[in-house]
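Each of the two complexes below includes chain A, the first together with chain B, the second together with chain C.
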Partner chain A sequence: MKEKVYGGGLVQSIAAAILKAGLVDEVLAFVTGLDGRDIIPAFITSEDEAQRITTASYNPCSLAKLLHKYGDQHKKIGVVVRSCDARAIIELAKRHQINLDNIYMIGRECYGVANINEDVSGALHIFFDRIEVDGKEQKWEEKMLRPNCLRCEYPIPTMADVSVSIDNNSVKAFTEKGKQILAAANIAESEGATDDLTAVKERASKYQERDFGELTKMEPEERLNYWLSQFDKCIKCYGCRDACPICYCKDCTLEPEHMLVKGAQLPPEKVFHLTRLIHVAPGCVNCGQCEAACPAGIPISKLYHQLYKELSSIFRYESGFDVNVPPPLDTITDEELTLGGVTID
Partner chain B sequence: MMRAERETKAGFEPKILGFLCNWCSYAGADLAGVSRIQYAPNVRVIRTMCSARVNPIFILKALTSGIDGVLVLGCHPGECHYMKGNYYTRRRVTAVKHLLKNIGLEPERVRLEWVSASEGKRFADTVDEFTKTIKGLGPNPLRVTK
Partner chain C sequence: MLLIVRDETVIGVQPWARHPISQGELCIKGWNAHQFIHHSDRLQKPLIKEKKGFKEATWDEALQLVANRLKQIKDQAGPDSLAVLSSAKSTNEENYVAQKFTRVVLGTNNIDHCARLCHASTVAGLAQAFGSGAMTNSIPDIEEANCIFIIGSNTSSQHPLIATRIWAAKEKGAKIIVADPRKIQLCEIADIYLPMKSGTDVALLNGMMKVIIDQGLEDKEFIKERTEGFDELLKTLEKVSLAEVADITQVPAEDIEQAAKIYAQAERASLIYSMGITQHTTGTDNVMSTANLAMLTGNIGKPGTGVNPLRGQNNVQGACDMGSLPNVFSGYQAVTNDELRAKMAKAWGVAELPARVGLTVVEMINAAAAGELKAMYIIGENPMLSDPDINHVRQALENLDFLVVQDIFPTEVTALADVVLPAACWAEQDGTFTNTDRRVQMVRKAVEPPGEAKADWEIICQLARLMGASEFFPFTSAEEIFAEACQVTPLCHGMSYKALEQPDGLQWPCPSEGHPGTTILHQQQFTRGKGKFHPIVYKEPAEVPDKDYPYLLTTGRVIAQWHTGSMTRRSPALESEFPESFIEINPEDAKKLGIKDKEPVKVSSRRGEIQVKSLVTDRIKPGIVFIPFHYAEAAANVLTNPALDPIAKIPEFKVCAVKIEKGG
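Showing the complex of A and B:
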C-alpha cells in the first residue's frame, strides 16, 4: 500500500534536491522499510531513495546518536530532524563530537511521536489536535504519545537549518545553510506570520505541571521510596545510556572496570542512575529515548526533564539552541565572579 | 535494621565525608589542629588539589554508599589557586543539591563552604555546625534501607 504523503512531499523533495545538487553526500533519515511498514534509519545516497523518507510519527532511535556513531565526519551529511534531534546534534557539537559545518539539518515539524506501548497497525501521524492512522482521522489521545512528547514545547525545529511543516506546505529557513538548501531545492521560503505556538506551550506546561507536580507534592520520604522502587526494577541493560544522544563517552564511567558500580549485581547500585542523571540532565533535550528504550518501564525521562527544567532556570541555560553556549557545568559567567556566597540560585 | 534502631536520632553519630582543597581548607584544618581547637570527630577528610576536583559523582557515590553528609570545602571566591576552580564547584554542588531534592534526599546533606588557610576556627565551626545539622536529619535513608 502506498503511504499517504504529508507536507506536500517537501521533506522528500528537499532531500532529493540537495543530494542532486551535491550539497550533501548523504542524507540520514527514517525511511519506510522494504515491507512498507517498518520505520528504519538509513543513510540515503541517491535521489530515488529519497522518496522512501517517511514523515510518520515514529522515532525508534535518536538520529543524533546515529550521526555521532556512524556518520562519516569527512562527508557532508543532511539529516531529517525533529526538534529533539536537532537540539541533540547541537549539544553534541558543543561537546566537540560533531562538526556542525558538515551537517545540514532539515527540520520537520513534530507534535509528538507514537508511544510504542500502544498497539497501532498502520502508519501513524500525530498532529497537534488529531491523529491519522493510514490517512484515517482519529481523536487525539494522550496515551498514543510518548510522555515526554506531551511535555515538549518545541514542535518546530527553529534550531535546524530549515523547518518544513507537515500539516501545510510551508518552509522556513533559519540559517545561511538553510538558504543554501532551499536554493538547491528551488523552493521559496513561505511568507506570512510566524506560527502561533501558544496552544502547544500551554499544553506542554499543563503536562509538565501534572508530571512534575505529582512528584513535588510527595513528601521527601515518599518521593525517595518512589524512585528507589523504580530503580529497583532496573536490569542494568545500559539501554538508557545507549539510546541517549547526550551520552557520548566512548569510555563510560558506568562500565564495571571503572569500579564505580559493581559488575555482576542486580539491581545496580543507586549511584548507577544518579551518575547518569548528573551527567545528562543539565543538557537533557527531553527526546524520551531513554524511557522508550527501558525494558523495565522506569519513567526516566520524567526525572531527567524535571531536573533539566530546574537547572535550566538556575543556570539560564537552554540546551540545544546555540552551539556557542557551553554546557552549564563546564562554564561560569562573569556575573558569578562577583558573587561571594556558596549558592548561585 | 538492628543498627538503624539503635541509631535513634539522639544517639546517632553521623559519618561525614569532607573534601578539602589542598591550598585553603586543608591548611585551615591543619591550623585548627595545631591550634588545638576542638571539633566534632565525625568528619573523614579527603584532600583534593582543588575543590573543583570533586566530581559530582564522588558526592553521589559517598551518599549511596551510606555516608550521612558530604562537606565540600574550598577557597573563598577570587582566591582559588587555579583562578576559577571554586566557581565551577559552586555550580556542580548546586546541581547535586537539586538532584538530591528531586529524588527525595535532603539537599542539606551536601554543603559547600569557603574556608581559607588562616581560618582554623571557621573550619572547626563549620564541621561542628554541619555535624549538628546531620544529627538533626538522622541517618542517611539510603544506608538504612541497604
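Showing the complex of A and C:
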C-alpha cells in the first residue's frame, strides 16, 4: 500500500483522465524537477505528463496564485490542490478573479509541507504522525514542517471537487463536478465514514494557542514593538505580496506611484505592512507562502493568520469555503446599514 | 529561479525553492529579473558607425570589418596595442573563449574585466595569505556562526539572500558586529556597530588584533600548527596603540575592544566583507588584514567561520576562474610561469603564448589616453559609467583608433563604438555561472535572443574564424567549450554538464570526475600549505579631504538598481522604486552648507562636477557623503579618483575628496 503514495496513484490517474476526457485543457500541478526534493509547478497538457505529478510534501508556491496570474481565463483548468490552495481559489472567485466554472479542483489530503530550511537528504512525505524520507520512516518533529502547517485545521480539502487520500489510493467527491471527475476517471468513491479529524484539530489548536498566545500575552506596546522590529528587517522585495494568492491587484497600492509608501527607502515605512495586512487578512488561508518567500525571515504568516482568526471570530466568517459568502470587511449587510439606529443610504 | 514562458516570451519569474542558496526567496531584482529581456531597446542587429550615425549591417559585414581592423592594428602597432574587456555577466564558457581569443588570436595578455573594479584586491590579498583568492566558506554555513563580523558590506541591500543567513544566525543567538561609515540596515540587528571613517580598515583591524593579543585571546595552537609569519605581525602590532586607532577610525576605543573580544571569544566567527574593504588604494592590505584577523583567532576551515568576500556580478567569480585576467590563464595559472604557459600552449595546439602580464582595466584606459593602446573589444561592460574619473575615460576611448562594443542594450559606451554587436542575455542561452561561494551552476535557455543577436561565445568564435583561427575555436555548443575549459583548468577538472545537472551545482575545487566539490576551503591545510600572516601598516587613502575639497565622498549601490542601469533602469518595477540619484548628507553638514532635504546640490572633485538631489540623513557620519553610481544623469564616477592599489590595480571608489555647494 505504501508504494502508491509516491506516484502512480489516484491524483495522477484523475489528472490524466480529465485531460483525456476533455473536461479540462490543462492541469496545474507540481512535478519533480532535478531531484526528489525539487518540486516545480507545471501546466500539464498530456496524460503522459500527468504521470509526472508528485504528491511529495512540498509547497514551493501557491498554485492558486499561479492559476490566477498565469492561467488562461478562457481555458478549463484542473488544479491539484491542498486545502489552502482550494480555499484561496474560492476567495479569488469571490473577488471575481477566477471563474470557478472553469476550474476543476483535485484535492489532496495534507498534514503539512516541508520546512525546506531543515537539512533533509531525500524526498519528504509528511503524514499526521510520522514522516518518511525517501520511503524510510522517521520520527515526526515539528521543525520539519512549515510553522503555518502546524496551525492548520483543514487537512482534507472538502471545499474542492474531489479529494484524494494521503496514501493516494482513495477518493471522495464533494460537488457535482467532483462526480463528473470520478466518472471520467472511472473511479468509485471510497466508502466508509469520513476520517476523524479530532486529533488534527486539537493539534492545530495547540499550535495556534502557542503561536498566537505568545503574542497575545504581550502588552500591546511590547507586541507592537515586536512587529515593528521584525518589519525593520524588510527589504521591500514584495515577495510576500508576489507569493500571496489573495494579493491579486495588478495595480498595487503599495507601489511608489500610489504615494502611500515612499520609494527609495529601506526598510519601507510600516504602512507598507499594515496596508497589506488590512487588505489580505480577512481572506488569509494560512498557506504560509508569504513567510516562505521572505528573505528576512519575518514570521508574516503568524501575524496574518492571527488577525484572520480574530476577524473570523468577530464576523463568524470562514474564508475559502463557500463562494457565496462574501468577505466581511468588503461587504455591508442590511443589518449593518441600520446599526445603532443610524441609516446609511 | 524559474522562468515562466508563454509564446516565446518570458512573462514572469518564480523563486526556485530547491535552490541551495536562495531556497525559494528572491530580492526585488530577482522577482523582476525578466522585465528587461524583451524591452524594445534590445540591440538586434550589428551596427557600424558612419559619419551620420550608426548603420545596420549584416553579421558578415560587421565581423569582417572588426577582423580586418584588429588584424591591421595588430600588424601595425603590435599585439599589445589591442585589449579586450570581457564581461562578468557572461557565462564561464564565454569568458573562456574571450581569454583564449585574446591570447591565441590577438597575441596579447591584455584581457581584464570588471572584477578589477570590485574584488581584484580579494583575489590578490587572499591568494597571498591563503593561496586561494576566493570565499573560504559556503553561504549556507554562515548560519552556523556564533559571531558574524560584517565590514564594508551593506549585505541586506547588496546580497540580500546572504543577509538571510545573517538574520537566521541572529535568530539562533549569534552576535553581530557591523563596521561601516553608514548606518546600514543590518545595524538594526547589530550587537555592536562601529561607525568607522571610510578608508581606515587596516587601523581598525590592527586595533582589534592588538586587543586580542593583549588579552591573550589568540588561538595559539592554530597559529603554531597552521600559519607562518606571526612574529612579523606581532612586531607590527606592538607599535599599534588603541587610542591612536580610535582617533584614526573615529570609533570609540571601548567599542573596538568589545568587538574584538566578541569576535575572538566566539566559538565560530565568520567575517563577511565586500566593497568597503576592497575598493581602496590599500585594498589588498585591507583584505590581508581580514585574513590576519581570521587566522589569529583560528577562524578558518570550519563551518560558520572563514573570510567571506561577497562577490556581486552573477559571474564575476567565473570570469576570474576562466582567466579573463591579464596575469593568469584559467584556474589562476600564471602567464609568467614558463611551465604552465607551455602546458596551456600545448593543450591549445599553439606554438607559444604571450608571456608578458597584460594591462588591467584602468591601465587600459590610461594607455588608450596616451595613444599606446589603439583598439579595444569591450564585451558587456560600460566603463563610461562604471570606471573612475569618467571624463578621462571618455577622452581615452575617443582616442582609440578602433572600438568594438558587444552588449544587449545601447549604453554610454556603445555610443562611442565604431562597431556595435548585439548579444544574447542570460535567459537566451545555455551555459554556466559561478557564484561567490565558488558554486558552478547551469543557466538554461528559455527564449530566443531578439532579432539577430547572438550569444557572446558564438560571436567571439565567428570572429576568431574570420581571423584565421578556426582550428582553435571549433565549438558548436557551450557544452563543448565547458569540456575544454575543464580539461585545462585543474580547479574544475572534474566538472561537466552532466555532473552539474543537479540543483546544488558544484563548488570548486572539483579536481576529478565524481568529486563532490568543496564546501569549505583550507580545512586541513591552506591551499598554499600554511596560512601567511602579513604585517600591515595603516596608510591613508590617496586623496583625503582638505580645505579645498573638505568632504569625503564614498560611493556604492542601491538594492533596486544594478551597476550602470542598462538593465534595471529599463525594468519598471525597479526603476519606480529607485528612480533617481541622491547624495546622503549628515544633518550637521547640511546645516553648515545651508542645504535642506531633496534640494539640488552641486558636488565637485578634482575630476569634475555633477548635480544631484540631497538626502539629509543621520545614517551617514558627519564629514562623509554617499552617492550611488548607477545614474548617468548624476554620475558619481565623474568625481571618483582613479588612484590604484599598487598590487591589485583596483581604484579607490570608496574615498575621494569633494566640495559641496547649494543649488546648481
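Here is the rule we go by: the second predicted complex is superposed on the first by the 320 of 345 C-alpha atoms of A that agree within 3 Å, B and C clash if a C-alpha of one lies under 4 Å from a C-alpha of the other, contacts with A are read in each partner's own complex, and residues count from 1 in each chain.
Keep in mind that, in the parts below, a residue touches a chain if its C-beta (ideal position, glycine included) is under 8 Å from a C-beta of that chain, and two chains touch if they have at least 3 such contacts.
Because the structure is a prediction, the values reported are computed rather than measured.
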{"item": "Side-by-side fit of chain B and chain C on chain A, or clash", "value": "fit"}
{"item": "Partner chain(s) touched by A:K201 [first = chain B, second = chain C, both, neither]", "value": "neither"}
{"item": "Which superposed partner A:R95 touches (first chain B, second chain C, both, neither)", "value": "neither"}
{"item": "Which of chain B and chain C A:K179 touches, first, second, both or neither", "value": "neither"}
{"item": "Touching partner for A:L228 - first (chain B), second (chain C), both, neither", "value": "first"}
{"item": "Which superposed partner A:L303 touches (first chain B, second chain C, both, neither)", "value": "first"}
{"item": "Arrangement angle, chain B at one end, chain C at the other, chain A at the vertex (C-alpha, nearest 10°)", "value": "90"}
{"item": "First, second, both or neither for A:G33, with chain B first and chain C second", "value": "second"}
{"item": "Chain B versus chain C - smallest C-alpha distance in the overlay, whole Å", "value": "13"}
{"item": "Intersection of the chain A residues that touch chain B with those that touch chain C", "value": "none"}
{"item": "Complex contacts: residues of chain C adjacent to chain A", "value": "2, 4, 6, 11-12, 14-18, 23-28, 30-31, 156-157, 160-161, 163-164, 167-168, 171, 185, 188-189, 501-503, 558-559, 573, 576-580, 582"}
{"item": "Residues on chain A engaged by chain B in the complex (per definition of touch)", "value": "215, 218, 220-228, 253, 260, 269-271, 274-275, 277-278, 281-282, 303, 306-307, 310-311, 314-315, 328-330, 332, 336-337, 339-340, 342-345"}
{"item": "Sites on chain A touched by chain C in the complex", "value": "33-35, 37-41, 58, 60-61, 66, 69-70, 116-117, 229, 232-233, 235-239, 242, 255-257, 263-264, 266-267, 292-297"}
{"item": "Interface residues, chain B side, partner chain A - complex", "value": "56-57, 60-61, 64-65, 76-78, 84, 87-88, 90-96, 98-99, 101-106, 111-114, 141-142, 145"}
